Amino acid sequence: MAYVAICGDKEFKVEVKKKGDFLYDVAIYEIKKDKDESEEVLLRELSLDVRRHGCCTYSVLADHRSYEVDVEEKDNHMYEVLLEGEHYELKVMDEMKMKLERLLHGADDIAEGEVKTSMTGKVTRVFVAEGDQVKKGQPLVILEAMKMENEFKAPKDGVVKVVKVKEGDVVNTGAVLVVIE
Amino acid sequence: MAYVAICGDKEFKVEVKKKGDFLYDVAIYEIKKDKDESEEVLLRELSLDVRRHGCCTYSVLADHRSYEVDVEEKDNHMYEVLLEGEHYELKVMDEMKMKLERLLHGADDIAEGEVKTSMTGKVTRVFVAEGDQVKKGQPLVILEAMKMENEFKAPKDGVVKVVKVKEGDVVNTGAVLVVIE
Amino acid sequence: MFEKVLVANRSEIAVRIIRACKEMGIKTVAVFSDVDRDALHVRMADEAYHIGPPPARESYLRIDKIIDVAKRSGAEAIHPGYGFLAENAEFAQACEDAGIVFIGPPKESIVAMGSKTVARQTAMKADVPVIPGTLEPLSDEEIFQKAEEIGFPIMLKAVAGGGGKGMRLVKSREELESAVRLARSEAKGAFGDDSLYIEKYIENPRHVEMQILVDRYGNGIYLGERECSIQRRHQKVIEETPSVIMDEELRRRMGEAALRVAKAAGYYSAGTVEFLVDKDRNFYFLEVNTRLQVEHPVTEMVTGIDIVKEMIKIAAGEKLSYTQDDVKMEGASMEFRIYAEDPFNNFMPAPGKITGFRVPGGPGIRVDAGVYEGAVVPMEYDPIVAKLIVWGKDRKEVIERSKRALREFVVRGIKTTIPFHLVVLDDERFVSGDFDTTFVESVLDKLGRGSQEGLELALALAAIAEDQKEYASERVCKEGGMDPWKFFGRKMLMRTCWW
Amino acid sequence: MFEKVLVANRSEIAVRIIRACKEMGIKTVAVFSDVDRDALHVRMADEAYHIGPPPARESYLRIDKIIDVAKRSGAEAIHPGYGFLAENAEFAQACEDAGIVFIGPPKESIVAMGSKTVARQTAMKADVPVIPGTLEPLSDEEIFQKAEEIGFPIMLKAVAGGGGKGMRLVKSREELESAVRLARSEAKGAFGDDSLYIEKYIENPRHVEMQILVDRYGNGIYLGERECSIQRRHQKVIEETPSVIMDEELRRRMGEAALRVAKAAGYYSAGTVEFLVDKDRNFYFLEVNTRLQVEHPVTEMVTGIDIVKEMIKIAAGEKLSYTQDDVKMEGASMEFRIYAEDPFNNFMPAPGKITGFRVPGGPGIRVDAGVYEGAVVPMEYDPIVAKLIVWGKDRKEVIERSKRALREFVVRGIKTTIPFHLVVLDDERFVSGDFDTTFVESVLDKLGRGSQEGLELALALAAIAEDQKEYASERVCKEGGMDPWKFFGRKMLMRTCWW
């Protein structure tokens, strides 16, 4: 099977072939996009002996190199990988599904006016209401977690289209707080 | 529900009432058997707040006393309980089922001539064959595990009825090695 | 000695105190809020009492409830840990009123040292130098005015503060208004008191503190220094002893200065006197922490003295069993605070469920954890989930060992500061000892996302995990059977056969 | 220094050596048999090579395969750990022939000290007293004859032995024939050599050993003693330092005697000289262990010297970086061997899957484990799964801390010796230091099955677990749905709705 993997701003293709009970052949390509062109550059071919311990810990031998890797699916297709103190977050999806998803949702669904929270926390202050005029840098919402308060500010001048939270709400990482147009 | 629990040579009755999501009322009786009489002596009544962590670890509050207890079902109805370095092995069964089981199998199915292994190991020597005359204390089988060898001897004089293992076999704790009549 | 002690705290420090009590044959009583029924300190204590809703001010800061639990459980003494009620004189008074021993300093010392202004006056009287700045709590207007007088950069500090809460570096006039608002709000939330004062910001200082133990009979010893210059947002992240800038002579002078301050304040119990040390190794009194410190273990590692046990013995009226001559510092030690914070995202709080937890072992390793595999880290409290403390025969061995241990340390499910510590340990300046309290900011841009080899392996394994999931899922759809993978990965239960 | 080292061992000692190498910046190569693909040492090493089927003689004892892996992987040196090939001169020779450094003593010393008879002659030449007995390997007939001469009780010992394997106490003539057969068989299995000798059994002796480090240039130091009198079937179970019978003067005399033996044998590397000490504190040379010992950590805890690293440095040709004056013993330490054995069933081997594994933490605790939660302990090798090593400022603190730590230590799925250690720690004679190598036998009958309170709680919880299972199972039968408990408890999958 071929999988598309996204890590940070880079995209990869990973071909996985199961060769035996614990054996996998893997080929990793980086997908380099240049305007409308896209090129697959082979990074590495690996022959892996993979043993899974419990839900999420893998002992891997790659040509006698030994690795202990923790791989957990935190959200659908979103993987967190830990490896000797290193930490990676990856989105991995079957190539076909990824194409389908992109057809349905568009290539990248970044809505510029959405102010999202980068932390899980409790809303302690909301400074704006729908329809308010705001200036770039103006405080919109304060979130609190673990005794730290964080101010979320307007990313640009505009009008508040939606305020999705109220004081006392608990929000998770990635949730939209305010939309500005 | 009422359960019968056997620990060592003692027998208990444990009544379990679920009172809420995490709350149980438990009454423990020791069943004292004297000839054909049997008497239930109340040992303790407990009101427990029980939280299960993972498969087998329980945090228990009993009238503000706090305990961390590991309870694992090692075999059907056979429980291993660990508690601050203490260790218990219990057989626990629904009262009705226990009665049924005893009807089917008899009260205690100890076959005196069965030589059972008290360890998991590999059979390295078998000294007897079916039909052999053996004397009490005569070596029958040697098992090896973890570099220790253990000799299993005849518990009484008799004739070897069955030899259930051969050299090279791996046997688990409790398996019958030889039957002597 | 006490037969039963209530521990008025949670997480790793509550566990630390419970362990000390167990070793002394003392029964322990834990308290917990709604979100802490499953916390490790509850599991480990002999008794545990519920004291209210998650917000600290409705549970762990509720003096009345804690005193009530002490009475009901028959605890003769209360250890407050750090944070929460540890430096609250009102609490010490309430204990006294209830006939319960407060395991800490006398309330008069808490009051005196708790007000940094009084502490500074005390230090000056004890002939110990202090940093230029104002001493009194100030109104907003006074802050604006004084800041102009002293000149930027200045530090805003909470009068009741500690641990970086309510503390803000202000580099220019423009930042001041917003900084004051946030600092007051944080101070209010953390300590119930929004009073602020300001002082001159000394650039590139080193933060060095002296651990002391003083009994009720005036016998005092210092247990050497801790260097706490590796800070982020004025929150310590790595502490070590000995400090690379220290020698026997300076240690003796600072240790004796610390004991002078303690004596002037009528102090007993364990305590810490904080100093800033400038490039010329002049030291300035900063404040006294009238409590057990988060970083006390590094001192325990090099002196072999169990500070928590000594603190309990002092509270029980025992005489100090060590003299200054008994105190020997052997080797070196560092502490790494494992915070539930995301180092790749500006150290945002990262509460949540710990799905994997494997601690390092072997020589020179100590782990003081407040969590376990399966524990949920609530968002209501401090982000500290564990401390890794490492001992080695010298600083070099400590660094090598720490890298090894941090690579062994797996915390899955929440983000932690483990990758950050590894970046610090790889930095030349840290290894050579050439750093100050601004070090962390300068190293943040090195926080990469690992190696090429690691990335490739991560890609391969994530794809294999996805493949195993897909394969299992296919089987379910075909065979209508059970999906063993369904239990792994929270959201998979929602998956349909179509997808 | 080496760039890559092969570790020719498994379990906790392989992990220990890998950790030392990581801290020294040395890459590590692990080897594993069929049943060890999932072992911890394989997970932790930088590289890992399969070397054959489970029986040690087909894998971990296969010199040719191990040398081959060293060559293929480019390892410049091999650390043999303890057991297996650690004291095999043929292996040291094979390393030399292949141009690979053997991390241990010179092969001539292994040969000399490996034969206990030669070792005893060497000790006598070095003016160190030995125990009465025969020296040569004996035939069955000779054993029967000599036993009569010396008089029962006698000890049967394997010439190539160590660690209690092939060792038997024989109290009377009647037991002798069976004991000889079993001892020869065990010796053959463990060492490939069934030679036995006998010696007079000294009653109630204390087993005290001296750790030494000697470099290739004749510089040697002793790191103090270890008391190893807590033994079962001549297998050590608890070791400690310092020994309660020791004083500075006796330590110096035994340490110097140990170094004299080493010098007479042309020894270098880490090594241990074992002595028996009688009631009058006379000491008798027993043997030299020309390897790293299982119990080396207690010495590391009190001296702060990393013996494994020093051993590697000596092998790499470095000069000893310590003099005798640098060696200071601070505090006290004990090691508890956690064996996969059933203490309630005559310490029968208990291999199997470890379903739960939670290690203790906090001050003074070191855990050297060779397993993890989910690991399978195979039945082919030594039963040691982990070692708990505890440090305290004195023996009293060590005992209190050890109890606390052993109660925190949870190993579920297999039986272990943890409950046994707790019984020992509760024994008056152990606490007072009044014990000898016969202590364990005298304490075995105290191995109860816990307290009344514990039993009641166990009954309640097992019944609740059964209740939760029943409840879940009922739901399945009624609703035909999924049973979440099905995944817990191995045999439950076989359960039908009828039952």
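Letters are used for the chains, namely A, B, C and D, taken in the order the chains are written, and counting of residues starts over at 1 for each.
Assume contacts are C-beta pairs under 8 Å (C-beta built on N, C-alpha and C of every residue); 3 or more make two chains touch, one makes a residue touch a chain.
On a predicted model such as this, the values are computed, not experimentally measured, just so you know.
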If you apply the touch rule, which chains end up adjacent to both chain A and chain D? C
Relative to chain C, which chain has the most distant C-alpha mean position? B
From the C-alpha centre of chain C to that of chain D, how far is it in Å? 38
Let me have the rounded angstrom distance from the C-alpha centre of chain B over to the C-alpha centre of chain D, please. 31
So how far apart, in whole Å, are chain A and chain B when each is placed at the average of its C-alpha atoms? 50
Could you say which residues in chain B touch two or more other chains, in rising order? 57
Which residues belonging to chain D are in contact with no fewer than two other chains? 44, 372, 407, 487
Would you mind writing out the residues of chain D in touch with chain A in their complex? 30, 37-38, 42-49, 73, 372-374
Spell out the part of chain D that touches chain C in their complex, as residue ranges. 15-16, 19, 22-25, 44, 297, 300, 304-306, 328, 330-331, 358-359, 361-369, 372, 391, 393, 397, 400-401, 403-404, 407-408, 482, 487
Contacts from chain A onto chain D in the complex sit at residues 49, 51, 53-54, 57, 59, 61, 64-66, 68
Chain B contact footprint on chain D (complex, rising order): 165, 178, 182, 185-186, 189-190, 340-342, 344-346, 348-352, 355-356, 379-383, 406-407, 409-410, 412-413, 415, 418-419, 422, 449-451, 454-471, 487-492, 494-495, 499
Chain D-touching residues of chain B, taken from the complex the two chains share: 1, 3, 5, 7-8, 12, 14, 16, 18, 24, 26, 28, 43-44, 46, 48, 50, 52, 55-58, 60, 62, 67, 69-77, 79-88, 90, 92-94, 97, 118-122, 139, 142, 144-151, 170, 173
